Amino acid sequence: MGESKLPPLAADAVLKQSVAVPDSFVKVSGVDYSADSAYNARATDLIDSMRNMGFQASSVATACDIINEMDSWRGEHRDSLEEHKRTGEFDSQGFQKATVFMGFTSNLISSGLRDTLRYLVQHKKVSAIVASAGGIEEDLIKVLAPTYMGDFALPGKGLRDQGLNRIGNLLVPNDNYCKFEEWIVPILDRVLEEQQKALEELGAEALNADSPAVWTPSRLIDRLGQEINDESSVLYWAHKNKIPIFCPALTDGSIGDMLFFHTFKASPQRLRLDIVADIRRINSMSMEASRAGMLILGGGLIKHHICNACLMRNGADWAVYINTGQEFDGSDAGARPDEAVSWGKIKAEARSIKVYADVTVVWPLIVAATFAAKRPEQAA
Amino acid sequence: MGESKLPPLAADAVLKQSVAVPDSFVKVSGVDYSADSAYNARATDLIDSMRNMGFQASSVATACDIINEMDSWRGEHRDSLEEHKRTGEFDSQGFQKATVFMGFTSNLISSGLRDTLRYLVQHKKVSAIVASAGGIEEDLIKVLAPTYMGDFALPGKGLRDQGLNRIGNLLVPNDNYCKFEEWIVPILDRVLEEQQKALEELGAEALNADSPAVWTPSRLIDRLGQEINDESSVLYWAHKNKIPIFCPALTDGSIGDMLFFHTFKASPQRLRLDIVADIRRINSMSMEASRAGMLILGGGLIKHHICNACLMRNGADWAVYINTGQEFDGSDAGARPDEAVSWGKIKAEARSIKVYADVTVVWPLIVAATFAAKRPEQAA
Amino acid sequence: MGESKLPPLAADAVLKQSVAVPDSFVKVSGVDYSADSAYNARATDLIDSMRNMGFQASSVATACDIINEMDSWRGEHRDSLEEHKRTGEFDSQGFQKATVFMGFTSNLISSGLRDTLRYLVQHKKVSAIVASAGGIEEDLIKVLAPTYMGDFALPGKGLRDQGLNRIGNLLVPNDNYCKFEEWIVPILDRVLEEQQKALEELGAEALNADSPAVWTPSRLIDRLGQEINDESSVLYWAHKNKIPIFCPALTDGSIGDMLFFHTFKASPQRLRLDIVADIRRINSMSMEASRAGMLILGGGLIKHHICNACLMRNGADWAVYINTGQEFDGSDAGARPDEAVSWGKIKAEARSIKVYADVTVVWPLIVAATFAAKRPEQAA
Amino acid sequence: MGESKLPPLAADAVLKQSVAVPDSFVKVSGVDYSADSAYNARATDLIDSMRNMGFQASSVATACDIINEMDSWRGEHRDSLEEHKRTGEFDSQGFQKATVFMGFTSNLISSGLRDTLRYLVQHKKVSAIVASAGGIEEDLIKVLAPTYMGDFALPGKGLRDQGLNRIGNLLVPNDNYCKFEEWIVPILDRVLEEQQKALEELGAEALNADSPAVWTPSRLIDRLGQEINDESSVLYWAHKNKIPIFCPALTDGSIGDMLFFHTFKASPQRLRLDIVADIRRINSMSMEASRAGMLILGGGLIKHHICNACLMRNGADWAVYINTGQEFDGSDAGARPDEAVSWGKIKAEARSIKVYADVTVVWPLIVAATFAAKRPEQAA
């Protein structure tokens, strides 16, 4: 250990020279605290300072850049298009705009993010939604009764004894579901009635394309949005703004419990929910879009469903994923956007980013720096 | 810094005395390398040495203990039960056994775990399955053409150019889906024909309970299992052993693509898939079970759907979760079993465990140490 | 499946009544988009809207509340204290304030967060720092040459060929380390000279308490901060503001490479770095503090070291952890604050929170809403 | 929605043809349950069935392949080498073998994995170890008193009241640390005595290279291994087999507490621990190795320290990482082997793998299928 000559092996490895740094390289930087804007910073200033900060700070800023590009993209004017190309979304002045698919998981509606998601639907920032079943029912239930703050560590047995259901660090009193049952049963009765009436009228054509005898998850959700008739609700605004909400597994939650109960009440008649018409509907939106973007908040079904729809157009043009899934287990939830490129679900030349974060931590900031950087009346 | 007297504050805090350790405390221990069984160890020996190892090793061993208890549980003899209580599962000698709900995500069927999942279905180790759409189609497609090993880091653009779809470190040639389309289209034609025939026969009762005019995901999956007719297939054995496979969002994958295409081919007629009947069916299985167990491999829909079904019986009696989800984001995927206790989805007194691991790492070992500790003929 | 009576088991389980919700329960809420402050929101408004949002949004807001409480806590006036109790930190008016230990991992200095960490040190928001070795050298190197934005997916072989070292999505040209070597070697020469001179002078007392012959990591770091003499540097301000930086494993990085090289250059003499004096120093700060707080940014050594120091006072009074570690693997990095309570490292009655997030995503926002809610001159 | 012609856009995207699959492609496969070896499978059979299973199952099998290759690699015979090249490790017959650096975090010694780590040291399967401080003291403490099984959810306050320290789902009574103090203090007294004696003898040369006045972490650890003198101990076998254990931050744990206390007891004399000599020592082992392999169990310091040492030889030849860290936060813990390639810490042509798993879940299986596939006497 007492040698006095440094072996060249180590020196060469440690002090290896690098190539000249290309001019295109961007230096890492952070918040400039000499500027007034660093103090109690505004969302856009925060995002600007995060852009070249590295790690997920940069990914958050990239997500904002993609969203702004997607939101402001405009194509041809409607009048300059051949008639069969007048599909997809147009802005109020008649120019093509992106069709934006937003997916979110149930827990985000349970959280206070519901207000932010509702804001986006109210102001037509998205074109279609894919949600899991809880994302539908919790939006409705919150009109009937609130959800409360809890703690991740509250023991389950004590909560069950008190009828308090835990969702992470939130609590939903079970009475909320009782209220939901009271509210929804009469609606299901009427929906069944409409189904049966149409069935009788249409006979052998009752299951044909566009038959009114066939209820689908998106059709039922639209009806529920109409019935709830409350401005705090995502479903209300989706109904009002004709933004379809897709939920292929609508039975997987409290609505499923109610539909299950209803099978006994209605017997031998039965309300049916067809999922084939909805896959036709969402895929058609994708094909008709002049450009398509994806905002994926969470993982699982809601992520895959939007990606799969975008395969129908040979790939989305913009994609923002935000979730905590990891790719190492081969899950779709954890798959990076580049995996979707291999499937044709995102175009190779599309701008895409995955932000590795709990959605509640970043989405309020991202929305404040993009869709809600200005008040809607000012932005218009 | 040169003081010479240790302040008692630090000494008291560091050298605080502990209570006498109760006799019930179990010492941490590991592999005993003095025993021959430690070398190239068998599954059951590995599990025994992991039981008091701590961290997830202990969780894996607990999962094995729960599975063995659930698998060997026996209740009353059929003949000693009142007629209306003769529901749920019985063993070959007529004793009540647990109804086991197994859920798995699509990627596990894409992986080599398919053989293990098929083994469990073939040997009736489970009573019902909940899968995501890919878990259905990939099982069928693997009969038609293989999936290959790839790498997590293969760039998406090059893969898309070659028509190779990536799933984590696996690759599925896109031709596999073309073969799948050729195989399934004639089946969908026949299924539609059966629907229409029944519709015409039943008229206004066509949508009633148990109407043959109504196809559901589980009914279609059963038909596909019958048609594929191949012993390597999970669906084949599920059909043969009358083990229902539930997949409420069956349209969310390649089958959905095919159903979508079929809406054009069949127009104006249309095949319909009702999800209400399936929620009735799975919930009924839960209510009828004398005891119920959950094996949850992965997260998302498949986890929630089984938990929700078990609410109908006021909670499962055994629960094993294996996935990589974390609770901090309030996701259902990451929720611990104790969250399900608060909802009444797992009984407070049930044995449950969550193993935090990629399923492929632990499930082969767990199965080898439990369900497949002995050859079926020996075990019987 | 066609039964018409809902079994009471299911109805009772699903519609179980809950206890009356106590008045103390807090409703989940989110951003109020009717308020002007929701648009391009300021940091404090964002945090206010996240407080009862649930999941990690709430944890971020709690972290801000804890930081504000810790930062503004004031105890007795110096003059009203017995002499031996005049330890720890005092504000400019002579009142006791909290001793704040901040730990961060190397990568945060590589990222643009360095500016934020420097801001906190410059304005004496923290009392002591624990860093990993890279957190020392990268701060110095950034004065000599910049770090650049890269991409997580850049292949390692090509980068090595070009002499570009990757840190997540950042790139550090290897020339930066060559520049660092040129800068640090003369300093190490002088430090060794001082060691040897003191050794000769002190003889048998050369290793005694407070001997100038003994260099420690914190003493060398302080010297490096003095030498770098650049206002962009964390070490510069730490030196200037007499805020010690502890780094028990200072050899574990490029400085270690340089110290290693120096053993050959200096042979048979050798610079020594003693870690015992530093544990005495950090533990003493903990014992002397009137109140102690922990800001832990990342995991591993820097987390454990601060927690361990706080054991010497029977627990910290405030604790904020921010990292992505999970507890399931029994790692210290992933351990929740409540695990530290069991060890006496955090007081049972302390306010503490763990935020599960990449630090770069949340720390700029948290600092903007707390320490930097006002300009320092305004805040004073 | 009622159109009858499928747009070619969707058909082309979904049914895109793939290139012919090259012969080199390997099919995904799993357990072959027609073979007897599938039942209560042995470790090597399990690993064989996991090799082409995909996801982390494949990574585990790759880890085994790398370990077997590394363990069996043999180079030149000692006698055929020039004298200055007779460095590194040789097998009992005089052939060069790989120098294996194994790193593990403290919690693994707390867990039952200690027996497995001890087995590897006892049978000279590794050449050097890097551990965190807890990995040193917990090994010693376990000779004095056991660690117990606990639960991740035990509340910290109650545990502290009882003096039970929690590590994940393990419990360590605080009395164990009191026993440790009694055991170690006399040893520290003697070590200080030796330091002072050498200091007096050597005078101005007391800090020179190889001076016996200078204690280092690795030297103290070796002495502790000698003193504990118990075959269950990792340190005992490391001492006996002359396998150095490096722990640059040895003060960061209970040993640090004891060294801290000792500064008061010994004042004004003080034991010193130099970390410069240890970086010289580990780097020298790396440079002298004919081939070098890394076994990294966990993250943080122990990972970086081994990687950094391997930079001195321009990269390791084999690398197995096992931990739960993720790369998205730019942490070294989560960095993939390919990031180390960019730094020259792993050779571009080396075989490397990262297994994403809690070490306790996979390491017993991996060891049983590799190092312990045969009893040592049989293997020799």
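For reference, chains read A, B, C and D in written order, and residue numbers begin at 1 within each chain.
We take it that a residue touches a chain if its C-beta (ideal position, glycine included) is under 8 Å from a C-beta of that chain, and two chains touch if they have at least 3 such contacts.
Because the structure is a prediction, the values reported are computed rather than measured.
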Result of counting contacting C-beta pairs for C-D and B-C, higher pair: C-D
Relative to chain B, chain with the most remote C-alpha centre: C
Separation of chain B from chain C, taking each centre as the mean of its C-alpha atoms, in whole Å: 42
Inter-centroid spacing, chain D versus chain B (mean Cα positions, whole Å): 34
Approximate Å spacing (C-alpha centroids) for the pair chain C, chain D: 26
Per-residue overlap in chain A, given as positions that touch at least 2 other chains: 2, 10, 14, 16, 54-56, 107, 110-111, 153, 155, 164, 167-170, 209, 257, 260, 267-268, 277, 280, 283, 311-312, 326, 328-330, 338, 344, 356, 358, 360
Complex interface listing, chain B residues touching chain A: 105-107, 110-111, 132, 134, 152, 154-157, 159-160, 164-170, 195-196, 199-200, 203-209, 213-214, 217, 248-253, 256-257, 259-260, 263, 267-280, 283, 298-301, 304-305, 308, 311-312, 323-335, 337-344, 346, 348, 358-360
Residues of chain D that touch chain B when the two form their complex: 2-6, 10-11, 14-19, 21, 25-33, 36, 38-44, 46, 49-50, 52-58, 60, 107, 110-116, 119, 146-149, 153, 162-164, 167-171, 173-175, 177-178, 181, 257, 260-261, 264-265, 267-268, 338, 355-358, 360-362, 364-365, 367-369, 372-375
Residue ranges of chain B touching chain C (in the complex, touch as defined): 1-2, 7, 9-10, 12-14, 16, 54-56, 59, 153, 155, 209-210, 277, 280-281, 283-284, 287, 311-315, 326, 328-330, 344, 356
